[in-house]
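Got some structures for you, see below.
Here come two complexes built around subunit A, the first alongside subunit B, the second alongside subunit C.
Let's look at the complex of A and B:
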């Protein structure tokens, strides 16, 4: 592993994909409006929930907004990196162009996970941060160093888990060829991340923390944000994220053994 | 003679598309699963007793969300994505030469997909009843027929809206991002995530003039036996179809005039 080489290659990736995406400027504007509307829509939905009840799963409206903010940031990251790249895997495998990726003197997982970038997701990430800053004010959170480090640790763990989930499903393309719909299923499950985990019934809570760890993705960072997270939960999230990352790597290498190129 | 010809065409199209769709059974099963968001919403509603102030009992609410799931299953439209791909790949040109509007082909595709999807939707409903045995009910035949009709009308409205967006492919290359923008109000205002009666009054005052509540809320209320204005809803659905159809014909004829095949 030569870190400098990889950084240099990544710079080239950024340059080429930004150049090609900026061809569709109007498209970026439409995507921004979509992101704003989508945020307004989910806050509207939250306000309906809170109209009849002061607390949902032990969360106040102002606190639940934090989850929305974190979800928006993570969704932006998904739209910027995961979605454009990992849908590309499907294309690579169907058309047999994965051969060219494997032949390159560079790590194949690095190449297919970071090749493309979709700049309209940046705006969504910014939108999420704006909402978070707003939440800091209305919840009167005082910023200090431990809080910031813990928040950064948990959110990067969330990003790792999210990446691994996407990468797992995209890797199964090697066997099933078409996994577009499996990604759609994942997306609809991820939608749950917009709400506090405690607002669901016990069985669903188990399902969303054991089978698909959506609970870890948004709820724990939000709890850290509010300062009522327990230490073992943060530790657990780090462990889960590490397990997911290592397994996504192993699974990719395992799947590659079954890759037989197109029409063979 | 002419009607016989049309019948034969439609029948052949349906048969071809149905056998095509049967090839992708697993894919369609995954589509069906990705539509289970209404059940998660139901979980939030009942788990936090949000429905108390609405005067809807748990049973009626669970029937509402089950019906919302069913209506959504049979009114999913993706014509803009197919059309965009076909027009980018240059497949539209041969379709245009045929003495049949290409949208009939997509229409048959959607109908065939719904037939394939039906058993999967039934299986999901079966599981739903295992977990919620108290919400089993049998609607009477008249209501069932009416709600099938209104679900079909809802499908037609969405198909027309998306076909209009799809025709924008003649002008821009990425019409699907406009569709994603339009999907946001559809998601939040159609009643898929929360029944329209629960909306605040400042939204309820104008929402019944838009097509959104007639997409899911109206047919779902009808089928689940919740209170709704049957004749008013059906009239509004038909009105919207009469409004959208000329608009579609206009954009189509303008678009085909503008169309220049690939590479020119």
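Let's look at the complex of A and C:
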């Protein structure tokens, strides 16, 4: 793979999609306002849950805010990259314009996963980081290199798992053509990621760890953040992320064999 | 000796097609138990195309022309047989193969809708690993050939269909491919835009010796660009050869309307032994075989007092239409 060429192409992707999005100023403004109100609403909802008891699944409100912060960052990443690109796959397949992607001398997964960008998602990412900095203060967390490295590793793994889940569902469009509902179901599952894994029953914990690893996505990075994560959990998240990423790639290449292109 | 750039042998393609009965009952049945059957859309076809040739694929809707093009450019895996394009197996989509070909579809677009075409050109240039200087040079050259200038800087959504198609062509040709697959490139364009596009393709073929495979329902595209045509009927090739030979085969007779000076001359001509279509007063219409037109006209002019005469060529659309409509037409 020619890394220089891929960087150059990605720079062009950034440029063209930002230019496209900036054509519609009002839309960006609405998205930005939605992101702010959505975060305020989520924190308010979380505070209601903690009002009576003070603890959910062994987590204090101040600690649960870390999960909310990580969730907001991941949701921002979803809205910036995954949502605009991976929902476009459905359009590409339905309208047959995937033909143009497949006939370009560039990796098709790279092309369809990164071509578009929604700049309003950046605000959510920034809001998530602000919330995390706030949590560092209220939870009196000591920042050090090990902490930062582990946090970066686990959050990167979370992004990989999340991407793979989205990509896997979008790829099934090649057979089923319309899989929009499945993506909506996945989004609803992701909302669950705003709460600590321990707050669910045992069977749900198994479901959200083994079948749809939502638990890994937010809980493990949050535990790392608070300094009470165990090594095997971090290792497990790395393994799960690697398996998901490799399989999403294999699944895409396998699915392309069945692509019949839309009729003209 | 000119080399074969496309070599297709015993190529077949089958698709699984699901069918649905009409009405609510049929819809429910279709939802729970979808019945699919395998349909062979391309049946054991073989042909070769030489470098620099322009070949037109003719056939009715659903005959399989686009499926053939898509197998040639590697979008669809063949079910049986072999395809070799420029020495590559197309469906493997190797980088060097993809750098050599392009696909242009009249009904689909790759340009970024909200941005001027120039942005899409530079994006494609980076995908084909062209530096900025080279890209600029090629855009300038192609835009001159296509006669587009200001349109390059206007958002695609504000361009006319003709301007958009020209921009699509430029985007698809920026990497200077050797093989062009064109699927109804003039679809929906007005007469002038169609003519300009054909002129460009002729020029491009002449200057670069690129091979062009073209499907179109506009016969003018085929007649002005292609010397060779491949007729596809229900997934099989029914004719592969020169276009003028096909036309002669399909329309061996020409109609000649002769206006005689008097009705007596017209009666004399009617009884002379020609194949007469009809006679109205002093006007008589004869059907004469293509290869005996000159001798027949000589005879008529020498023996009869003629006021005027008209040779009617049957419209090419009508002739080709015979191939497209009548499925078992023998060519």
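What we mean here is this: the second predicted complex is superposed on the first by the 263 of 264 C-alpha atoms of A that agree within 3 Å, B and C clash if a C-alpha of one lies under 4 Å from a C-alpha of the other, contacts with A are read in each partner's own complex, and residues count from 1 in each chain.
Assume a residue touches a chain if its C-beta (ideal position, glycine included) is under 8 Å from a C-beta of that chain, and two chains touch if they have at least 3 such contacts.
Everything quoted here is computed from the prediction, not taken from an experiment.
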When subunit B and subunit C are modelled together on subunit A, clash or fit: fit
Partner chain in contact with A:52 - subunit B first, subunit C second, else both or neither: first
Contacts of A:5 with subunit B and subunit C, given as first, second, both or neither: second
First (subunit B), second (subunit C), both or neither touched by A:142: neither
Superposed model, subunit A: greater residue contact from subunit B or subunit C: B
First, second, both or neither for A:259, with subunit B first and subunit C second: second
Touching partner for A:192 - first (subunit B), second (subunit C), both, neither: first
Subunit B and subunit C, minimum CA distance [Å, superposed model]: 6
Touching both subunit C and subunit B, counted on subunit A across the two superposed complexes: 24
Subunit A partner contacts - residues on subunit B that touch it in the complex: 24, 26-28, 30-31, 33-37, 40, 43-44, 47-54, 172-174, 177-178, 180-181, 184-185, 187-188, 193-194, 198-200, 203
List of subunit A residues in touch with subunit B within their complex: 24, 26-27, 30-31, 33-34, 37-38, 41-42, 44-45, 47-49, 51-53, 56-57, 176, 178, 180-182, 184-185, 187-188, 191-192, 195, 199-201, 204
Residues of subunit C that touch subunit A when the two form their complex: 15, 66, 70, 73-77, 93, 95-96, 98-99, 101-103, 105, 107-110, 112-115, 119-120, 122-124, 126-129, 155, 183-184
Residue ranges of subunit A in contact with subunit C within the complex: 2, 5, 8-9, 11-13, 15-16, 19-20, 23-24, 95-97, 99-100, 102-106, 257, 259-261, 263-264
